[in-house]
Amino acid sequence: MRKVQAVIVGGGPAGLAASIEIAKAGGKVVVIDENGKPGGQLFKQIHKFFGSREHRAGVRGYDIGTQLLKETEDLGVEVLLDAPVYGLFRDPAGIMVSYMKDGREQAIIGEKVILATGAAENALVFPGSTLPGVMGAGCAQTMINVNRVLPGQKVIMVGSGNVGLIVSYQLIQAGAEVLALVEAAPSIGGYGVHAGKIRRAGTPIYVGHTIKRVLGKTQVEKVELVALDEKFQEIPGTEKMLEADTVCIAVGLTPLTELAWLAGCEFTFIPLLGGHIPIHNEDMETTVPGLYVAGDIAGAEEASTAMEEGRLSGIAAAEALQLYTAEEAKALKAEVWDRMNALRTGPFGQKRYDAKAQLLATAKGGK
Amino acid sequence: MADGVKITGIPTMEELKATPGLVSDQRFEKSAVAVIECVQEIPCNPCEKACPFGAIIVGSPITNLPVIDEDKCTGCGVCLAQCPGLAIFRVEKNYTDSTSMVEFPFEYLPLPQEGDTVPCGGRNGQYLTEGKVLKVKKTKQMDGTTLVSVEVPKQYFMDVRTICRKGGSK
Amino acid sequence: MTRTADVAIVGGGVNGCSIAYRLAKAGKKVVLCEKGDFAAGATGSCDQMVILQSKNPGIHLKLALDSAELFQTLAQELDYDIEYFRHGGMITIENEMEMDVMTDFVAKQKKIGLEVDIISREEASKRQRGLGEHLLGCTYSAQDGHVNPFKLNMGFAQAAKKAGAELLIDAEVTDFKMAGGKVVGIKTAKGDVDAETVVLAAGAWSPLLGQKLGMKLPIKPRRGQIIVSQPCAPYIVGDILSAQYIVAKYHPETLLNAKSRGIQLGVGLAISQTARGGILIGATREFVDYDVSNTREGIREILKNAARLMPGLKNLNIIRVMGGVRPYTPDGLPLVGCVKGMDGLFMAAGHEGDGIALSAVTGKIVAGLICEGKAYTDVSALDPNRFELFAK
Amino acid sequence: MSTCGAEDHVFVCRCEEITKEEIAAAIADGATTVRGIKVRTEAGMGLCQGRGCRKIIQQMLSQSGARPAAEVLPSTTRTPVRTAKISEFINEEDD
Amino acid sequence: MRVVKHPILPEDTKPEMTIFFDGKEIPAKAGEPIASALLASGVRIFRETAKKGYPRGIFCGIGRCTDCVMTVDGQPNVRTCVTPVRQGMKVETQKGLGRWSEKA
């Protein structure tokens, strides 16, 4: 069976960034991704990223994706596409990653394995939530920006985090009408500047509201909104009915941790980062030796931090493979931490910083 | 009804005035100037690097609100297309005796033509006034973001921020 | 809080709940303690078969026949849809050696009263699409069937509750209570239960509890990996086993020289389709202590075996692989009865792959033995004291 | 044309069409784990293997007070985490 | 509906092809998932559920929820949100569990 120094599961921003670091260090690395194109969700991000200018802030997500791909190509990183990983198994030589490729089940052993599997959107249930026309915001985003198809004309967006705000904006850019954005909490979750864009486009934002039900014969036709009190209970008499054909749900992400569970990782529960997260240390290594996590699987944030975590895990894995000395690795990791800490400051970032700090403390303290 | 960017998505005049991104009333009288409507400490600093005159400072940490130096700002407008939040505008209050020029990023189709009369809207997208399109700037460097400047009655220089779209009713 | 009961039952699997139901119905005050939730052990990771043909002619088959008889009216009795279907079953025969074993097996089974015959490949193919061209034939019995293990377990549990039994979940048994050398109750995570009789129905976990009483039960955990397909339209008509399974189970000596890794893993074909549409494909039989994880090798061997016997399955998508341990005993029969030298303790464990099929009759036997001192039929072959139970 | 009826239901498990009421009934019956819900309702046993409903069920369990949210784990993760065809497994190439 | 002109993205130049939806020809773009071709033609109902016969369409868009499965070239349960179109592909509304074919 084939054996390499590092196998990375997931070719999104975190996985590609990790592969680049390992390849730079001279390591043989294979990235395995289930999609036909690498880049993960980067290619549907058509907005300019925040962050520091030195690290591609102000550049549109898909352009960052293109740059990452070019780097991996230049460095000779092997990327297996259309190759869904279906399991991890124990092996004396490392960790066996089993996947499907070309109609055949195959396996490869990585001395080090990095899981960069990302996250999935949370669902929301209400009467009519299974009607065609109700979908995840990320799903709609892929449709408009990657496949260039409008999933509907008149949209209600649920959730005011950055995903809900950005996808609303992009739906409008693609030619849809976003009739309303509703948020159950009493205030907007995402950045004000993102909210500002859709407000300028005429979309109202209803905080303290939710969808009471969706009506339709065989697909979404009407959406009833209702106001919520401070205990998130519906306030009778506040219902309003809107004629819409699409409902997009953007109520948070859950890390895709299945492979980490299979591998026997220990988990901790941090709601702010999406629920149960594999415990990992400052090198992104889990409680299973040689198994690392990076990006949303290590706590759902956004692409910028995912890339930094990817780098960190890549540098750490390279160090563990003795491709870097401890000193070299220390300096490289310090740079990444500086950037990552910067992304986790301010009123929006501080909570994530604290949550991550709690996670690291869990790793140190055992359980 | 509670107000403010966290509730409505629109910064209030008080919130704007409390930030270091808004120049003094006197400066508005002089010439064109950038108006940075960035009221939340988010990790972002492309505006700082964008300014060729060093008139915008974010510094460290990068969550600092951008500070505008009203003397250094020439009102060139280079920063507008660089802001990922599309939160910087260019305003020339005294464009004529009775009108102001407002320039804003615009990432929609169809684009207006120079000379068009367009319905102009405020931060909530609602119609405020008719405006005349002065310029439609689109360069490769701006990476898809178009800058549209409109001439509007002077009273709206701090209110007009966009062209009304389908969703914004007249 | 200390509860008192006539009978305390350890284990909320299909047999523990069946026993609870029968005892409560017979008027006993019953408290059942389950360390997790219902159907957590072998019940929750098994195939679903109530298959008679696989049973060794003798007491084994006799009990299975009796159990199958009870299954016919069980849904009605429990007032719970347990999804029991009698679709018939087949055992595939691939070679002359298997044909010899099965010919002998079938002849003996017929004598005990099972309606079973060996049919030709052509006849078998009329009943079931997708069978391998190389098969020499199949055995067929119309009496075979299957049941939904979750629903069966919950059906017994709900009926037991209705009959007055108290069923505690998340109530791990941590120790036994002793008085005068006699078992007089159990200690659990949810308090003590004082009882005249304690029934140990903890399946593969029974030996761990037995240790606390100084017992060395001959039960060993044996892992079975089972594959579940996507739900699909009805395809598998009845239940299908391979003769390989029978040979492996009753003539283990033939396996000693086996070269195939699949045979070494104890892979025997067991295919059936659930009411929801998923096709279950079993299974390995491996001694790996309590490790219930899945192995790449196990999955591949099961599927290779299945695709050889039923090439029609090749195009099917699999969505889950289950893994669970079953309680193996050296003679393939469960331990049911009192334990000599340990008054107050009653064993009902060690059904290995027959837990589901025998569950209906197990409750009846245990209730008979506890309430009346005798079962409806001679079950001396199940007497736990046939083994040396206490370490010397 | 009358409505299909879907608008009247709150489906938690989309695959097996298990409603919020059925999940609540299972919790009332004593289920304290995702697996306990599965045993009682078959939620999570369908084509997607609980990927869609798991989190909602976890939330319902913790909100009911059955267990603190941190202790409501997803049900056991099993391979394959992506569906795979039997034919893909049985290639004779032994690596 | 196709997003033909976009303020940010370049023109979509993916080659056109044809697939069949319930026997009817519909256009598709090379490499796009089946679901996207259907949405572009205004098709939103992809299947009817097994128990209640309720309509379903695309939901998660990443191959996870399996709500968008259809019968494709005779195979039921194909996740249309992640399965690319092929020229001449036959896509059918899946009723319940569909009919499973032994042939690949």
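Letters are used for the chains, namely A, B, C, D and E, taken in the order the chains are written, and counting of residues starts over at 1 for each.
By definition in this document, a residue touches a chain if its C-beta (ideal position, glycine included) is under 8 Å from a C-beta of that chain, and two chains touch if they have at least 3 such contacts.
No experiment lies behind these values; they were computed from the predicted model shown.
Asks: Return the chains shared as contacts by chain A and chain C, ordered by label.
Replies: Touches both chain A and chain C: D, E.
Asks: By label order, what chains touch chain A and chain D together?
Replies: C, E
Asks: Walk from chain A over to chain E along touching chains and report the minimum step count.
Replies: 1
Asks: A-B versus C-E: which has more C-beta pairs touching?
Replies: Pair with more contacting C-beta pairs, C-E versus A-B: A-B.
Asks: Can you name the chain whose C-alpha mean lies closest to the mean of all the C-alpha atoms?
Replies: That would be D.
Asks: Just give me the whole-number Å value for how far the CA centre of chain C lies from that of chain D.
Replies: 25
Asks: Approximately how many whole Å separate the CA-defined centres of chain B and chain E?
Replies: Each chain reduced to its C-alpha mean, chain B and chain E end up 43 Å apart.
Asks: Cα centroid separation between chain B and chain D, in whole Å?
Replies: 49
Asks: Using Cα averages as centroids, what's the distance between chain B and chain C in whole Å?
Replies: That gives a centre separation of 73 Å.
Asks: Could you say which residues in chain C touch two or more other chains, in rising order?
Replies: As it turns out, chain C has residues touching two or more other chains at 230-231, 294, 300, 314-317.
Asks: Give me the residue numbers in chain A that touch at least two other chains, ranges are fine.
Replies: If we look for residues of chain A contacting two or more partner chains, we find 34, 60, 87, 98, 105, 107, 120, 123, 130-131, 173, 175, 218.
Asks: Residues touching two or more other chains, restricted to chain E: which are they?
Replies: 6-9, 50, 54-56, 59-60, 63-65, 67, 77, 104
Asks: Who touches whom among the chains?
Replies: A-B, A-C, A-D, A-E, B-E, C-D, C-E, D-E
Asks: Report the residues of chain A in contact with chain B in the complex, numbered from low to high.
Replies: Going by the criterion above, the answer is residues 47-53, 57-60, 63, 165, 172-173, 175, 177-179, 186-188, 191-203, 205, 207, 342-349.
Asks: Taking the complex as given, what residues does chain A use to touch chain D?
Replies: It is residues 1-2, 34, 84-87, 98, 100, 103-107, 120, 122-123, 125-131, 213-218, 254, 258-259, 261-262, 267-269, 271, 275-276 of chain A that touch chain D.
Asks: Under the definition above, what is the set of chain D residues touching chain E in their complex?
Replies: 4-6, 9, 14-17, 46-48, 51-52, 82, 87
Asks: Could you list, by residue number, the parts of chain A that touch chain E in their complex?
Replies: Interface residues on the chain A side: 34-36, 46, 60, 120-121, 123, 130-136, 138-140, 142-145, 147-151, 153, 173-175, 218-219.
Asks: Which residues of chain A touch chain C once you look at their complex with the stated criterion?
Replies: Going by the criterion above, the answer is residues 87, 89, 96, 98, 105, 107.
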